[in-house]
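Let me begin by handing over the structure; questions about it come next.
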Amino acid sequence: MSETNPKQEEETMQIGMIGLGRMGGNMVQRLRAAGHEVVGYDRDPEVSDVEDLAELIGRLEAPRTVWVMVPAGEATQATVSELGAMLEPGDLVIEGGNSRYTDDVPNAALLAETGIGYLDCGVSGGVWGAEGGYGLMVGGDADLVAHAMPIFDALRPAGPRGEGFTHAGGVGAGHYAKMVHNGIEYGLMHAYAEGWELLQTGGVVTDVAGCFKAWTRGTVVRSWLLDLLVKALEEAPDLAGVDEYTTDSGEGRWTLEEAVSKSVPMPVLAAALFARFASRQPNSPSMQMVSALRGQFGGHAIVRSE
Amino acid sequence: MSETNPKQEEETMQIGMIGLGRMGGNMVQRLRAAGHEVVGYDRDPEVSDVEDLAELIGRLEAPRTVWVMVPAGEATQATVSELGAMLEPGDLVIEGGNSRYTDDVPNAALLAETGIGYLDCGVSGGVWGAEGGYGLMVGGDADLVAHAMPIFDALRPAGPRGEGFTHAGGVGAGHYAKMVHNGIEYGLMHAYAEGWELLQTGGVVTDVAGCFKAWTRGTVVRSWLLDLLVKALEEAPDLAGVDEYTTDSGEGRWTLEEAVSKSVPMPVLAAALFARFASRQPNSPSMQMVSALRGQFGGHAIVRSE
Amino acid sequence: MSETNPKQEEETMQIGMIGLGRMGGNMVQRLRAAGHEVVGYDRDPEVSDVEDLAELIGRLEAPRTVWVMVPAGEATQATVSELGAMLEPGDLVIEGGNSRYTDDVPNAALLAETGIGYLDCGVSGGVWGAEGGYGLMVGGDADLVAHAMPIFDALRPAGPRGEGFTHAGGVGAGHYAKMVHNGIEYGLMHAYAEGWELLQTGGVVTDVAGCFKAWTRGTVVRSWLLDLLVKALEEAPDLAGVDEYTTDSGEGRWTLEEAVSKSVPMPVLAAALFARFASRQPNSPSMQMVSALRGQFGGHAIVRSE
Amino acid sequence: MSETNPKQEEETMQIGMIGLGRMGGNMVQRLRAAGHEVVGYDRDPEVSDVEDLAELIGRLEAPRTVWVMVPAGEATQATVSELGAMLEPGDLVIEGGNSRYTDDVPNAALLAETGIGYLDCGVSGGVWGAEGGYGLMVGGDADLVAHAMPIFDALRPAGPRGEGFTHAGGVGAGHYAKMVHNGIEYGLMHAYAEGWELLQTGGVVTDVAGCFKAWTRGTVVRSWLLDLLVKALEEAPDLAGVDEYTTDSGEGRWTLEEAVSKSVPMPVLAAALFARFASRQPNSPSMQMVSALRGQFGGHAIVRSE
């Protein structure tokens, strides 16, 4: 917690955090380290400060600020609905999950019916954000953003506010920015991964892990992801024991769909996303067909699966 | 052999065929059906008409025409070299294998040293060419092409000469045309294969094989490859038992390398070629790295391979 | 109109056709040539047989069959709604436009409220279908399909019913099949297009148009699209005067979105679709950024646009 | 020159630098700041310390170390040849240009004939390396690497040697590593560029430049290239005036060719490279063909170029 922003300690707030998992739990610690008063709620009573949402709301003074940090989709929607029924005019909900940006306008409209404010916030940094701070992208009205700024300042990395925080636009813009951020991330990861495969396969560079480590400083390709890649190779030399099977949490798909709807070519993202799909196929149907076709016209041998 | 070109029977030739495998053997039958006199040589004495190249050459009257139809690469180069040492000025070598076009100019130069002519010929049609005729793409001097035309006419499909045969250009142009033909073929096959995978996976179309069959007439996507696809699905419903593992014989790679050297974007070919590479990887190294990276920053679970 | 199916002439029907544009107008001619009685309606009084939908419906005996062949989207939805208010129980609507398959279940439900049947039909073949017949993919209940079969038989190519026609599945399956058909079409066209560009650029094949013409028979890549390509090169040698600017009518996008939602890798389709997007960009924003980045780290010269 | 490695100042060397352009010139300054004695030669007498190669060699005491930093290809090959004829047994040539790794083994063999040592060195960091140090990847014998280590230590960034420097393997491994490094760089740049295009086009994020700036700290996508992107947007808001036209210096092509020869799928690199090719085409031939094909079957309007 070494890199919090000292000046923010002067202006502290009260906040409710709903969802104390890997992300929410770490964020609470970072907020408390900055002097904020946090009441946390989680379905798991082991980690929860309160028994239920009603108690959480009761423990906060109006106007309240509540941060929702639960799994995107149904869980988030259910929580926002409940808050709409329980909070009061003037309260503020910050939706910080990995939600699709198209959920935000309906969420904001729902809460506005009872005078509750709404901000959406994309949060980047993963498990490392606890220490160094999270990259934050916020969507919503400027006055609500200003009101919650002490919270954002505590969560973002120390240093100039514009590096690590952006008020990206109106409602939805925070999650939109996070969506594109993750789409870029897909491409970056796959670019490194391809290069690693070629170095491993090529056989010319004899110390592949050392080569990646050497790239971490001075080169054009240096980055935080590269630092993680070096760490991964140290933990599992040659990635022995790591399976290709890779899931996706939706943001790559949403980005590609948004690109398609806006006529924006994103071949790098598409390639990275398709490689994930393929990593989960034990026997690619497309390639079964290519093999079968070659067998038809060329008499090429078809490999039979067991 | 129902579709040979009757008018060609008037002008028959003598030809030596070296290599009596799936392609060469079928071509000999088609040539003989058209009235040509063929002496065939193969390393396998079971199928060979002569004991060795010397006997083959001895059985042909000068000026001789010899068609080389052996595996591309070393075998073809060795055969051309031997012919260069054994044939006489005025003889003609037609190199019809799946060779890289860059081999042709050196081959022609070698043979020209002793006054031997050279044509390169790309041959398409696979095992089906025996009956319907082969698509032929020829490179070399026009007078040599004219000389060998009765041979080409016998091999190509019946009908207008320009449909099924082209004198594509100078030495190498025949194999160059065949290379690009195969590069296109990669893309066509993968386009159908992708579509099949989506139909299979989508679950909306209940008779997928019937749908492909319906596309064979009247639609924009009808083609000979589609006919083969329908046949493949009839032989192996849902392609059960077909493994994704698919080899490549080099022409896709050559086409992509040529595209790179000429600054021509060929994303469709690249995608189809990379999918073949991936089909042979039991555990994609690139995706191992993507999985490892996600594990680093997000605490996403990594699947361990056994 | 030389290739209609003679046996169908025995069983003729009455049908209303809404939309007499390039597709609908041609289909009416083909239906009439097969002996069916067609009443056509179009907003353009010059081509319309009736003044309005009411008159069209009045001219048909119950139970009526009405084919909707108007632009996909709003126009189609409006027409289906109007028909729902005007037709009677037992009537049948066939929606044959280039609609998204997700529209079909709502359409069918709407019409079912008043006892009207619904079939969706994907129609392929373009302007050539008038003469050779259209490839048809139909979704909906089997009894409705059987009822309308004389119509489908008249529209499809002569020959076995399963080649040119498929009952693809339940409501929506016809448009789903057509969507995937068009997705495949994108890839096929781009595969040929890439190959053409390489042949043109490579400079080794001296008669590029002749080479494509030669591929139309005997080769693995022969297809109807290849025939059209040859025709296009005959009409505009080297495609002089043709601009790269290419629109898309939506089906490629829908197919890619469906692939993304079903985790199916479709890199060939994506490449073909992105190339269309790029063809409409006078100055690619992505490449502006790449150029700007290179200028930053390498001091590479940036080209300034005027 | 604030970040040199102080401990290296104890062990200083004499070195000749051939080529005093943007890279070589900066490197000389960095070497001199570290206490090394550098004699520089350039064809441009304004910047050269000596009149010709002979004088440069005369000014160095044997055993000499000479760094070649001239344009890759002919200029580099000519310089290595000249040095082979002028240097003495025991001298060392370090080839630091952006050369293809396949040149290195022949270069080393040529110099070995007269007892001259050879190292190849990939240098990354561009114009920024002067201040922060260059990322170095070296190929060749370990004893030669050890001998030249004071030079490498002066050029690389301050800090642990393994971060910023790697002895990547035998002769050629340095340029091989640099080749793959640049291949990765293509993908990284395009990933950011795509994301930028989507943010710009999407219209949801209202402060796009601010969003990228916010990503520079705390996020998963932070990197040095991202810092440069932010700088580029500050210098040219919305990249106004920047043309899409982007050249390539060969390393992306070499990486893709190596991937093809090693059966390694690199779709991200391929996409980035093809986008560069396309950026230089005023009228994409592929898309001309797609447009022409659509005109054939669908009667879609073809846009005519002027």
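Side notes on the structure shown:
Order as written gives the chain letters A, B, C and D; numbering starts at 1 within each chain.
As a working rule, a residue touches a chain if its C-beta (ideal position, glycine included) is under 8 Å from a C-beta of that chain, and two chains touch if they have at least 3 such contacts.
Here the structure is a predicted model, which means the values were calculated and not measured.
Overlaying subunit A onto subunit B using CA atoms gives a rotation of 180 degrees, to the nearest 5. Subunit B and subunit C touch with mostly matching residues; of the residue numbers seen at this interface, over half occur in both copies. Using the average of C-alpha coordinates as each chain's centre, B ends up farthest from subunit A. The mean-CA centres of subunit A and subunit B are about 49 angstrom from one another, to the nearest whole unit. Per-chain Cα centroids separate subunit B from subunit C by 33 Å.
Separating the CA-averaged centres of subunit A and subunit C is a span of 40 Å. For subunit B, the set of residues touching two or more other chains reads 126, 190, 192, 194, 197, 201, 220, 225, 263-267, 270-272, 274-275, 278, 284, 286, 297.
Listed in rising order, the residues of subunit C touching subunit B in the complex are 101, 124-126, 129, 132-137, 156-157, 159, 162-170, 172-173, 176-177, 180-188, 190-192, 194-195, 197-199, 201-202, 204-207, 210-211, 213-226, 255, 258-259, 262-272, 274-275.
Taken in their complex, subunit C has these residues touching subunit A: 220, 253, 256-257, 260-261, 263-267, 270-271, 273-275, 277-278, 280, 284, 286, 297. Per the touch definition, subunit C reaches subunit D in the complex via residues 22, 125-128, 189-190, 192-194, 196-197, 200-201, 225, 228-229, 231-232, 236, 239, 241-247, 267, 272, 275-276, 278-279, 283-300, 302-305.
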